[in-house]
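You will see two complexes here that share chain A, one where it goes with chain B and one where it goes with chain C.
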Partner chain A sequence: MSATLEKQVIDLHTSTVRVLNSTLQSEDATGAWTILHPEGRHSLAVGLTAPLDVTIDGQAGYYAAGMNQRANVVIKGNAGPGVAENMMSGSVHVEGNASMAAGATAQGGLLVIDGDAGARCGISMKGVSIVVRGSVGHMSGFMAQSGNLVVCGDAGEALGDSLYEARLFVRGTVKSLGADCEEKKMTDEDLAILKDLLKEAGITDYPAESFRRYGSARRLYNFNVDNASAY
Partner chain B sequence: MCGIVGLFLKNPRLQPQLGALTAQMLKTMTERGPDSAGFAVYGGAQHGQSKITVRGLEESQRKDFEAGVLAVSQKATFVFRDDHAIITCSDEAEPAVRAFVEGFGHGVVFVSSGDSIELYKGVGLPEDVAARFGLSEMTGTHAIGHTRMATESAVTTAGAHPFSTGPDQCLVHNGSLSNHNTLRRQLVRDGLSFETENDSEVAAGYLSWRLSKGERLDEALTASLSDLDGFYTFVVGTRDGFAVLRDPVACKPAVMAETEDYVAFASEYRAFAGLPGIEKATVFEPEPQRVYHWEHAA
Partner chain C sequence: MSQNKNSPPRTAPRFSATFDVNTISEIQRAAATGIYDIRGAGTKRKLPHFDDLLFLGASVSRYPLEGYRERCDTDVVLGTRFAKKPIRLKTPVTIAGMSFGALSAQAKEALGRGASAVGTSTTTGDGGMTPEERGHSSTLVYQYLPSRYGMNPDDLRRADAIEVVVGQGAKPGGGGMLLGQKISPRVAKMRNLPEGIDQRSACRHPDWTGPDDLEIKIEELREITNWEKPIYVKVGASRPYYDVSLAVKAGADVIVLDGMQGGTAATQEVFIEHVGLPILSAIRSAVQALQDLGLHRQVQLIVSGGIRSGADMAKALALGADAVAIGTAALIALGDQSPDLAAEYAKLGTVPGAYDDWQEGRDPAGITTQDPELAARLDPILGGRRIANYLSVMTMEAQAIARACGKSHLHNLEPEDLVSLTMEAAAMTKIPLAGTDWYPGKGGF
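For the complex of A and B:
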């Protein structure tokens, strides 16, 4: 265990994003890493496959921690567009706000955003769980296919537009629902999932019972069996 | 793509650094717009005096040009920066000087006029454009800059941003408008003229047209939400401040940082990395369809 406790640092004032990513993607990488002076650079800590603990000590640019597998990445500041896009497993924790398309197309793992998320949070999500302590922008959960989106604040316009499946939980107001998105009854199963997610995200001040559950009404073209013959 | 930056100083002590800070922000946005760049710097307004920016002036023409301006405005003063010139003259002489500039020919183009605006633009890497005009040494109250990756019209100095279509007004744009031809025809019928085929110039003209009818900047921007179709993040500069607006879809990026000393705008956070006290700034994304506006007390 001693190797994993050693603090490993990459300073982007003296190193490059390419060196950072190839180092963390290497099969030899283990333990905890801290990235200094990120200063909004793009593609930080992407494509990780080992169970590393990575701390980005500041603001991240586009696609931070994208395609993550098994690593736990903490961003101490804000994240730019597409944080944790296409994550497969592991976790990404943004301590500030996230820009648009947070968790886009992600298939697994947990994305926690302590602040607000911008437009299209969880767009085309395919199994990831996303917990946002603040609010999300317009068209969040657009074409969501699977997974859970938890919003402790408010949701912007057209929440869950054209979604296939995925559970959307919102505690505050929803400015409007997108096409084919509707409020659903909170089942015991939903509640159990929500409680687990809030616990995993370290959110103790919002009881699961204070959320409302939204999902697909399954009325769009692709849900109509009569259209199956078109293929 | 394109990159936009803006810096509005609340603390006058930062005014000597305005150009240096803006130059550094502009350079970081090179990857978003490497083909041309431009910037408007506001400052040095003097009561009763107008500033006129012209470009396309070759060194060999300076003498003739200067003599021509002095013939219509004896007390005019000149600052030459590369192929641009800033003429300062009395408000009364401004129309005559402007008429002289527009009639001078030899590729000399009127760029902007107002109490405090100076506007520079050119083709090339943002860093080189900024260096050509000595942006780092400029001082002032606020500045707006743009790095361009051309989509709707050619890579030319005329197609570079900012666009100025009214006194002390300028606009920079990231995005592309789809109804600019229709709107341009309507505005031309109303007496406006346009220098380029550029969509962003139409947006600037549209706002100037609204302002000329007595609307406030926030009203004009709100109206643009229904009249302009397409993608846009706009930053609009006026004598006393700047405003930001994003279209309803908001796919063009925008981030803002505010401290006690300044409000900064950029397409990406990277542009803020060198600003003083940025680690303590409030950093947020402007919401779509909402007009953000900062102004110095006049």
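For the complex of A and C:
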């Protein structure tokens, strides 16, 4: 297992995003990789398919770790819009804040954001689990289809607007609920899922019992003229 | 002539042009139900169209090609700007994006078989890629839509090109809609949604908002697919000069421009009939945008929305398009609107030629349905042959016209080969009115 112990480095002062991605996407790539001087570049470590451990040593631009499959990516800084968008599996850990649309449409894996996330966190999520240690912006969980969004801080306006079957957990305040989103009873199953996610995200300071659970009221699932003002 | 004073002549019943039979029935329907009408297909109103243009043909001043001996080539290459692996089609008519969900798996397979048989491409739709269509399509374009239903990077890499869908001609500015009747267990699973609910697809992409973001999104898609796949950007015809300019600026290899005659699986009637431009009015300004950027023929233009024949195709190419796409016409070729189904259409309250309740999933032709019994009526092999026949006829028709204009390749057709039949067409296309060298605006108003 020498490959996994060896420190493999790509320095974006001397290399390019194209070289970075083609190297990490290569069938030969294994083990741990560190990306130096990312400096907000876009599309870093996108389309990975192997169980690599990738550390982005600084700030990432748009779509960092986009469409990730199996890799574990750590961003030691802030992430731009669409971090881990459409992730299928693996994990992405943002140590700073994340901009809008974090985890958009992601179908699997775990996205952990240590700071805050901007607007539309988890938009159209399709199975991913997202854990945000801070707060999330407006319209988070918009059209969320399935998966889990955990917010240890507060949620902005219109949380869970047009929500489908995703589970939303918020510990702090919710500025307002979006169309067809309502608070639900925390079931034993919900609590078990939440406890697992907090554990996976390494969050021990908040008990699962201190969160509230939100979900779809399912009133907009079929067109009904009485709901016309909500569409 | 004596007149009976007790019964003076009555006026004949007179119907209003403003309140015509369709208008009256729509008011009655709206009053009874309280909800707008949703239907499939494209606009049904009469619009300026390719019928308003004619080819001149050759004579003393132009030299024709022999119809049965001299070559008239039809091949086209799409995606030459940035993609490492451009798409090569034998004929410049492709199958437009239509979803599995809107269409049965059998219909998608038939489209793939037919397109592959004549060396052209087909396109996925909102809902992802099925193994049937990938397996039966030699060249498959993968749509990347706002909903991202069924979107996964493995399919992205399996595709031959990627089409970022910003809008479609039937509903520029609108998202998709798939009513619960068509959400079968398989469709629901692919889209990760509960069965039987009415699906509203988003109208905006979830992770980018404007042309500057689109540029970064296109770069991400290229990075994920090793810069191999051509990236198309599809827009509904609304502000074609600016939309094409911005899509090119964002890095598109190919622009797909869809006019309001383009079909839809399910959209509000008011949207279909009142939003967007007829394709005839949109091509010239799209071509102008490409010419102003010095990229005409380098960024290819695919035109769709009401293309029905080789003549329509030849006219679109003469106006500056590189290829055309068909959707509704392909469904008709598969068996939609067949007179053989008259008795079954009658049960649905309609007649062959007018069936448009594609959203209901009760299509007796087995095309716009997820009902297993109805879908099984469509034989994908036979359907594929019908599609191949139709595409071949379109190509031969376009060649016949091009040879008559003296062109050895369909792409040599040019605006000078055309005349306009109406003032509207002349104004929209800058093709002179027949018998004149003038179009509205020439020399200034």
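The rule we apply is simple: the second predicted complex is superposed on the first by the 221 of 231 C-alpha atoms of A that agree within 3 Å, B and C clash if a C-alpha of one lies under 4 Å from a C-alpha of the other, contacts with A are read in each partner's own complex, and residues count from 1 in each chain.
Note that a contact is a pair of C-beta atoms (placed from the backbone, for glycine too) under 8 Å apart; a residue touches a chain by one contact, two chains touch by 3 or more.
Just so we're clear, the structure is a prediction, and the values are computed from it rather than from any experiment.
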First (chain B), second (chain C), both or neither touched by A:S146: second
Chain B versus chain C as contact partner of A:G40, first or second or both or neither: first
Partner chain in contact with A:P81 - chain B first, chain C second, else both or neither: both
Contacts of A:Y164 with chain B and chain C, given as first, second, both or neither: second
Partner chain(s) touched by A:H138 [first = chain B, second = chain C, both, neither]: first
A:G109 touches, of chain B and chain C: first, second, both or neither? neither
Chain A residues touched - chain C or chain B, whichever exceeds: C
Shared chain A contacts, counted only where both chain B and chain C touch the same residue: 61-62, 81, 100
Of all residues in chain A, those that touch chain C in their complex: 17-18, 21-22, 25, 42-43, 46-47, 49, 61-63, 66-67, 69, 81-82, 85-86, 88, 100-101, 104-105, 107, 120, 123-124, 126-127, 142-143, 145-146, 162, 164-165, 221-223, 225, 228, 231
Touching residues on chain A, where the partner in the complex is chain B: 39-41, 58-59, 61-62, 77-78, 80-81, 96-97, 99-100, 118-119, 137-138
Chain A partner contacts - residues on chain C that touch it in the complex: 33-35, 147-148, 151-153, 156, 179-180, 191-194, 197-198, 200, 202, 206-208, 213, 216-217, 219-220, 223-227
Complex contact set, residues of chain B against chain A: 248-251, 253, 255, 268-273, 279, 283-285, 287-288
